[in-house]
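Across the two complexes that follow, chain A remains constant while its partner is chain B and subsequently chain C.
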Partner chain A sequence: MDKSKFSHWFFIGPHIILFVVFILIPSIYGVYASFTNWNLMTSPTWVGLDNYRTILTNQDSSFHHEFFNGMKNTLIFVGVSVPLMVAIPLVIASAIEHKKVKFKNFFQSIIYIPGLISISAAALIWSLIFNSQLGMMNNFFGADTVWTATQPYAWMTIFIMTVWGGIGGNMIIYRASISNVSQDLYESAEIDGAGPIRKFISVTLPSIRFPLIYTVVMTTAGAFNVFGQPLMMTDGGPRESTTVLMMYIRDLAFGSGQSIAGMASAMAVLLGMVILIISAAQYYVMNRNSA
Partner chain B sequence: MNKKYNVSKYLAYLFLITVCLIWVVPMIFGFTTSFRSQSEVVNEGFRLLPISWIVDNYMSILENTSSAPILRWIGNSLFISITHTLLVVVVISITGYGYSRMRFKGRDVLFFTLLGISFFPNVVNIIPLYRIVDILGWVNTPWAMIVPGLAGMGNIFLVRQFMKGVPKELDESARVDGASDFTIFFRIVLPLIKPVLIVGGLFSFIGSWNDFLWPVIVYTDVQKMPVTAGLLLLQDIYGNYQMVGQLMGSAILAIIPTLLLFLFAQKYFVSAINLNAGIKG
Partner chain C sequence: MKKRLAFLIVAVTTLLLTGCGGNENVIEFWTPLTGEDGAYMDQLVEDYNDTDPEHPVNHVITSDLYTQIYTVLQSGSGIPDLTLIHADRVPSFVNNDLLVPMDDIISQQPELNEDNYLPEAWTAGIIDDVQYTIPLDIHGSAMYYNIDLLEQYDVMDWLDDDVVTFDEMLELEGQLEEGHYVVNDALLGWVALAQLQNVGGDIEGADGEPTVDTDEMREVIRYLREINKAGLMTPYGEDGYLMFQSGNVLFSTDGTWSRLAHEQVESLNFGVTNTYSHSAEVFHNRSSAHLFSMLRSEERTPEKEEGIGEFLEYIREHSIEWAEAGQIVASREVVEDPEYDQFMQSFYTQDERHEDSLYIYTYEHYPYVAEAIDNYIADIVHGEMDVDEGLHEMQRFVNDRVAEGDAELEDAADAVEDFDDDVDTNE
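Now for the complex of A and B:
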């Protein structure tokens, strides 16, 4: 009988080791490293709040410029892409769930498939589409726009590719939630004389509020980690106007020169704090307003 | 009444067909361009179908095994994703069992503590994680992508939730009959939680196949990298769209494995996404 007292370690022990080595230690060390001068190889030297002071207040420092430019661009990406990645799949899901629409699964599959394509493969195709000489876009519309090197087109290419590849999951969630809404609610709304838009706002939306909260929070947290699309579509240009914070962090820590991992860690901690605060705020606001 | 539904039905169709066209045109364009010659791409402008279909692009892609070994990259990705997926299924099933069926002091406190820590944004741990993987000697090896992801809590949470729906009476009565935890786990629980394991496995496969940031950081050896990181190099190798067919062909080859997986496992995908979001499908 004594043996069974410890057998739970056989079940949870291996994962705890993995968790400690690959999540707990790196997280703690990431925060610690942000207070140090570290080149990723030798042991870090403690510098207190110096990294944060440089990033946040030293206007002459390139780190200061990189952080605020990267944060600004990341926030632009989050602010534009998240509403698109919620609203567009919601409209598509509503159309698919229209009572009389057939081929529901076919439509769903077509929209979902780009989500299975890796960012780099998708970016190769989209870069060609937006290529100023060879691309479909300019050929088709008879234009000569240099899409990825002129604003606001550079951002547009990033958003188009992001929406194309990123809405499938949310669409499936909305579709399932909408189909679970009780028909009685729609019927009684109809008796009250509600049109389709009125029904959508006062029946559908409140009924799917939990999946909505879930998708908004998850999509936002994911969007803050944006990296691949700007890297491959615009390489951060023109003039660093699409360089997001993850790109600076990666360059500082793993770029070609000497690694500046301490400074990069401080930027990562600041980004992490913004993600946590915004996720918590979203959850709080949406949960309260819909209760 | 019926007439109103018909108008909105046609609007819905019109909308969906337009969206679907926009969605498939890039894929068709990429696919057909991979069969075009460079001179046709440059001179003929936009056409959905090539004037003459050629396979030369694919021949030259497959011949380039030094700077852009695409088949090797796909092989690396397959090895990484399949191994990772199998290990995920093992880890989440035994760990999920531990946190839902084993009785020990502080079990739920421990579980929710780990879950809480795992919400810590992973931008913060990515730099030290590189150092740890480096110390383990895993940089430029498949293990850099296979092992760290096994520590995640999301799928274990799913399995634990799912096990709550499996009647406890089944294992209680087996326990009365003298069955050990191992017997109960393998004989009774494992077959019952297969659906949630498929879900976890599927997402782990797609997640690891499409992972981009981490492989870009952790692989510098061209022969060792997975296909996502490899494709990043192609814009330089196939010189700034001087070899468009090769670029598109490589992208198409990289897409095929997950597309096949989707075609065969489509119904699991839908239930997987909904299970993740806590919706009954």
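Now for the complex of A and C:
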């Protein structure tokens, strides 16, 4: 028996098994469930496109309202948080990589460590900071705002917490990429009279094109799946203005009362399609422009 | 080399399979008790296991009990022998044929009968005259008061008849120091559901349909808005629970279990009374109950069922420990034990009038109604949302969810009918 013929399966096999069991089969079943009426207790009943029709076209339905409100709030989160989660780490990484900056690893650790804290624990910390009675924000600055119940502050608390906990990972990637950019390029640019901003735009950014595309696509996909931050900080309020789609999906499938898993699956499939289309578009646009 | 590898594989597989197995005699008992109450239940189970029963109990706390239940029911294996579920889940579980009646256990343990439990808790498990559960406790709304603040504002007499009324609360309009409030909005949804009973409303219509957008609910909201408008309720979005603990609120409408947390606050001098009402004559405390139940499972043997009966009888006799968790124990023997009087929640079982105030909603679609109310009530009461719009949204929220469930049941019934037709044709 030719051992080498099968050896690669030993390396890739465990991952394939985990992928099939925990990702592929549940995903396929999730798509199937979106065409059914299912309460998780009895067998799913095939309803064809009914769930999609209700969500997308029946304006009298609460599911229609929930989907579009959830999608709108999710898009707000994505639209604001993704640029912040890309730009801030990029600027920090560039700053840390500057040759005059000392204690590079110390600063990197300070920024990276919040990402290791669970969302629940982080939300507790930030909830207390923004607590109108006990919180630092109101007591230090003399404000009397109920941050999590007033817009736009409710969104602000969510974004602050997200950026605080989320920039470390991207920053590490950018820093590693920037440190690999040849110094010759910077020196040549300097000889040509380029200042720091010109060097950043014309040398650094094109040189880290692939890590940039990767982080933008992954951060966007992650942002679409936001759940913990609004749940813990604002519980979707005030007046459902921070209730994101994942919160509605979870409530429908695993909330109180009988599960409405078919409708929840249909919403999840639609969300998945939006993520897929936007990620593909981002990849295409960024790859084409930088090619 | 090959032999060693084969031995290693066999050893690992054996270990894994052993891990999957478990003792057949053990009663697997699942609960959603993720808070401090889980530790008290652990202690009760440990005490029971120390009696060396033939069927010891393994207490498993799961944060997402109902999701876990659906998962094991779908897979058909690993179904727990005993579960602790909430009263509002019983109707839908029974309608979907997920629960086994407690008849056999009751016949084996004659003390597990209606007379030995608080009636509200016992009847919460009855559907169509069949007993599906044995109660552990009632846990519900409780209204705590700050004794120091009541004395400061000279309103201790509000407590004389055990019911604080809206009119009494309104007496303090314009009288409070800055930063002080009469009542918070903690568990406001539960308060609204208690008020709904006070004004004679209900969440179930004559034909079994859910009713939220009703005149009675409008009246409830009017009362609550009046308190808010008078500046007596903690502001929108504030943590009213925390404000009570920090000594700024006279009354806190939270749960019986909150006593444990309030006791941790050294400076808080507090007591407990009934949820406020529009009249001292009519009052309710919206409640739920933890109920022991058995999910339908082919793996549960009659011997194990016997063991479950013995465990439930032990709990009935020894659940004074459970009172430590802040719950109103359902066992009559425990409630009537003088030792139980030391617990604050004994207030709610001091006489029949108070026992009757513990109202458990057992309407099949109650969870949807409660969710709708929880989602919108604070916005409506604090004036962030128009009353008509809010009630309309709540009603739509519930109607759409109920319609989904009904459609599924109809489909299931059609499927059964089709199957029967096929069988008839083949015959």
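Methods note: the second predicted complex is superposed on the first by the 271 of 291 C-alpha atoms of A that agree within 3 Å, B and C clash if a C-alpha of one lies under 4 Å from a C-alpha of the other, contacts with A are read in each partner's own complex, and residues count from 1 in each chain.
We take it that contacts are C-beta pairs under 8 Å (C-beta built on N, C-alpha and C of every residue); 3 or more make two chains touch, one makes a residue touch a chain.
What you are looking at is a predicted structure, and each value in this text was computed from that prediction instead of being measured.
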Inset, instruction - Return first, second, both or neither, reflecting whether A:146 touches chain B, chain C, both chains, or no partner chain. - result: second
Inset, instruction - Please indicate which partner A:71 is in contact with in the superposed arrangement: first for chain B, second for chain C, both, or neither. - result: neither
Inset, instruction - Name the contact category of A:39: first (chain B only), second (chain C only), both, or neither. - result: second
Inset, instruction - Classify the contacts of A:63 with the two partner chains as first (chain B alone), second (chain C alone), both, or neither. - result: second
Inset, instruction - With the two complexes superposed on chain A, say which partner A:82 touches: chain B (first), chain C (second), both, or neither. - result: neither
Inset, instruction - Classify the contacts of A:254 with the two partner chains as first (chain B alone), second (chain C alone), both, or neither. - result: both
Inset, instruction - Identify the partner contact of A:120: answer first if only chain B is touched, second if only chain C is, both if each is, neither if none is. - result: first
Inset, instruction - Between chain B and chain C, point out the one touching more chain A residues. - result: B
Inset, instruction - Considering only touches as defined above, state whether A:263 meets chain B (first), chain C (second), both or neither. - result: second
Legend entry - Touched partner set for A:134, first chain B, second chain C, both or neither: both
Legend entry - Touching both chain C and chain B, counted on chain A across the two superposed complexes: 40, 131, 133-134, 254
Legend entry - Residues of chain C touching chain A in the complex: 64, 66-67, 70, 73-74, 88, 92, 96, 98, 235-239, 242-243, 246, 365-368, 370-371, 375, 378-379, 384-385, 393, 396-397, 399-401, 404-405, 407-408, 411-412, 415
Legend entry - Parts of chain A lying in touch with chain C, wherever the complex brings them together: 37-43, 45, 47, 60-63, 131-134, 146, 148-150, 237-240, 251, 254-260, 262-263
Legend entry - Sites on chain A touched by chain B in the complex: 4-5, 7-8, 10-12, 14-16, 18-19, 21-27, 29-31, 33, 40, 91-92, 95-96, 98-101, 105, 107-114, 116-129, 131, 133-134, 136, 139-140, 164, 169, 172-173, 176-177, 180, 196, 210-211, 214-215, 221, 224-225, 227-228, 231-232, 246, 249-250, 253-254, 261, 264-265, 268-269, 271-272, 275-276
Legend entry - Parts of chain B lying in touch with chain A, wherever the complex brings them together: 5-6, 8-9, 12-13, 15-16, 19-20, 22-27, 29-30, 33, 41-42, 45-46, 91, 94-95, 97-99, 102-104, 107, 110, 114, 117-132, 147-148, 150-153, 156, 180-182, 185, 206, 209-210, 212-213, 216-217, 227-232, 234-235, 241, 244, 247-248, 250-252, 254-255, 258-259, 261-262, 266, 269-270, 273-274, 277-281
